[in-house]
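Just so it is clear, A, B and C label the chains in written order, and each chain counts residues from 1 on its own.
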Amino acid sequence: MANIHYRPFEGCTTGFYGVLAVLAGVLLAALGAAWYMEHNGHWVTGMTNQVIWGTPHVFAVFLIVAASGALNVASISSVFGRALYKPLSRLSGLLAVALLAGGLMVLVLDLGRPDRLIVAMTYYNFKSIFAWNIFLYVGFFAVVIVYLWVMMERRMNIYSKSAGTFAFIWRLILTTGTGSIFGFLVARDAYNSALLAPMFIVFSFAYGLAIYLLVLMAAMKGASRDLGDVVFTRLRRLLGVFIAGSFYFVLVYHLTNLYITQRHGIEAFVLLDGGIYTKMFWIGQMLLGSLIPMVICFHSGLGKSRSLVALACLLVVIGGLAQMYVTIIGGQAFPMQLLPDKTLVSSGFFDGVVAGYRPSLPEILLGVGGVAIALLLTAVAVRALPFLPESLSDTVADPHHKTT
Amino acid sequence: MKRFTVGVFAGLFALSVAYAAEPAKTTRVPAPSIQINKDRGEQCVEPTEEMRRNHMNYILHQRDETMHRGIRTTKHSLKNCINCHANPKTGSVLGKDGFCASCHHYAAVKIDCFECHTDRAEKKAAIPAGRPRQALAPVIRTALGQPRQRHQP
Amino acid sequence: MTINRRGFLGISGAAIAVSAVAPGLRLIELAEGRAPDQAVTPKQRWGLLIDAAKCADGCTACIDACHEENGVTGNNRPATDPQWIRKVTVEDNTTGFRQSFPVMCQHCEHPPCVDVCPTGASFKRADGIVLVDKHTCIGCRYCMMACPYKARSFIHEVTTGQKTHAPRGKGTVESCTLCVHKVDRGDNTTACAVACKKEGHEAILFGDLNDPGSEIRKRLKQKPSTQLRPDLKLNTGVRYQGV
């Protein structure tokens, strides 16, 4: 295709600064919440000795998974050689870095001893997937920044393919590591499965692309630049495929668990009588997060509407958060069986009962703060450097396309 | 513009000189309050100069030895330091006249130890630093197979 | 070499005397008395034997003693207050038979909490006691997610008044230490075992699982015992009888 031109976002309007101000305000609130939690101790949150990881982790894991998925668009261009995706690559790399930064910020600020981050980066137990993840996450920053550099520096463009392939493999290992955080846990019925790692990889495709499409549409519209139907339709259909893939993995996961008598308890909990978790699963994850967006993305009539597709992307994000809530919090709320054929009548430590959990304000603020910093970084970077292509109109994106 | 900037800096300089000329009576951070408990002994386990520079290294090494290898020697243990150095009045190494706190406050070095460790000396008279603890006797089993052991008080 | 008759008689007399006394006389090198400057070795493996039949329903002596011994305090917030040991009452699904017993850190041979700790703060000592090195604990709580027995607690609030032998602070994770300070001192028991004996139940027994002559090994040989969640194959140091 013709030479692609990139230009920094030049809408220095009050709208743009307004968005920055709102994001900065949310971030400030999040930092205040983190200080409040650290200073007083975690008893001020909804997290307890039963539900150990709460809303911050829901957001953090979601952002990390989405970050690795956001790089997909760039990988399709560099690794699989699809020219249509090439102008989209830079924003893809940027979003990957920004979302990961957001996720990591939330994770680190939720630690019981965040002042011991240096300890976390110098003492390693390499049997722990967490330790590997520290390397994978920090390395991801470096890898993607180098990848962005070879894409943006004209004389380095020859290395795009190798940098892209390296980044692609790195992010697959990273998402495997993230899924394995749960997959490697033998203790709980909801985890302890080899399926979780590949499931998280497919989730990342869907969540990452949904966020990417939202940001792309918002940025191009904000800069009054063309986003033609060719690119738009391609991305929309791809999102539909990824949602379908996620749905497949969820189906296999639950079908397998239903076959295992030992897991009937957790399945009944998630699918039938888990209260909020059941609602989150069916309404949040399945209906809003999978079914409706899939219909919109695949339906040729509905899919033409930009606002409907934007809604579909938003629903995928909501569905993703719901999925993380069910996985992370639901998985902890369900009690562990100390003895298989006995019911626990009473315990001094909440054994045998479904643990109660209500998200508290500091937790929610911290989680949303992660999203805020990701978007803030993206907005500032897009303004400062040429990440956005000048035009994605049909003639620019694909000169050989046939108008139907 | 240039003259204005120069004037501002000259004014600031004059002010700082005036401030410095004031007597040290109004220094912001009080000098460390080292009150040695003479009942515990005349001498620390290491020379003072050595301790001033390297006490953190001794504690750091000892903590790993104790935690991971179960070494319970008292010479460099934190418990022993606190037993000796606790302020006789307050019984603590923190607070206004605390041995650890006042020096660390002066040097502006944050201590992490007392997030978890108690800052108070043990109530019962602890064995002074110099005398080594006696090794516990091994268990001797009699012909009947009943164990007989000597307990450390 | 040549020896005279006296020498021969002396040597054989000594040999006979030693061989007569030796079977009943054994000096165990590193038994319960380990010198302070000696490191722990895998020669010993400390564990507990809990007899559920002897455990009294409603009695909390072990919990009170443990928390008193280790300075574990609560703030009347049961969801976030730490618990090193708790009493659990179960009822058989088919027969309705009820029993109670205490549950604490099981000091597994293959602890999942040790595997998952990113900094290595959760570790197993050579003598089998699983501990948290709070100097390196960053409070990520991954070990709490991993523990199949929900044995670990996170310290959710500012803590003061710690015991000298049991440092504990906000933002780190803790669990039953098998009274490691008492073990290293040579007390050969834990606070919970002492309290249970004092109450007259004697449901908790501490001992060296590696020593075939120890009381705990003898009792394990006499009656069948089980581990909690044995299918996980963690080879716990805490065994239960009558469950």
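Just so it is clear, a contact is a pair of C-beta atoms (placed from the backbone, for glycine too) under 8 Å apart; a residue touches a chain by one contact, two chains touch by 3 or more.
Bear in mind that the values here come from a model prediction, so they are computed numbers and not experimental data.
A.B. asks: Whose C-alpha centre lies nearest the centre of all protein C-alpha atoms?
C.D. replies: Nearest to the common C-alpha centre lies chain A.
A.B. asks: B-C versus A-C: which interface comes out with more C-beta contact pairs?
C.D. replies: Result: the pair with more contacts is A-C.
A.B. asks: Taking each chain's centre as its mean C-alpha position, how far apart are subunit A and subunit B in Å?
C.D. replies: Comparing mean C-alpha positions, subunit B is 47 Å from subunit A.
A.B. asks: What's the distance between the Cα centroids of subunit B and subunit C, rounded to whole Å?
C.D. replies: Averaging C-alpha atoms per chain gives centres 32 Å apart.
A.B. asks: Roughly how far is subunit A from subunit C, going centre to centre by Cα mean, in whole Å?
C.D. replies: Inter-chain centre distance comes to 43 Å.
A.B. asks: Which parts of subunit B, given as residue numbers and ranges, touch two or more other chains?
C.D. replies: Within subunit B, no residue touches at least two other chains.
A.B. asks: Mind pulling the residue numbers of subunit C that touch at least two other chains?
C.D. replies: In subunit C, 170-172 touch at least two other chains.
A.B. asks: Note which residues of subunit C are touching subunit B in the complex, please.
C.D. replies: Touching subunit B: residues 21, 23-40, 123, 125-127, 131, 133-135, 159, 161-164, 167-172, 180, 184-188, 213 of subunit C.
A.B. asks: Under the touch definition given earlier, write down the residues of subunit B that touch subunit C in their complex.
C.D. replies: 63-64, 67-74, 79, 82, 115-118, 120, 122, 133, 135-145, 149-152
A.B. asks: Which stretch or stretches of subunit A touch subunit C in the complex?
C.D. replies: Where subunit A meets subunit C, its residues are 38, 40-43, 48-50, 52-53, 111-114, 116-117, 119-120, 123-125, 127-131, 133-134, 181, 184-188, 332, 336-339, 341-352, 356.
A.B. asks: Within their complex, state which residues of subunit C touch subunit A.
C.D. replies: Residues 60, 63, 75, 77-83, 86-94, 98, 103, 112, 114-121, 136-142, 144-150, 152-158, 170-173, 228-229, 232, 243 of subunit C touch subunit A in their complex.
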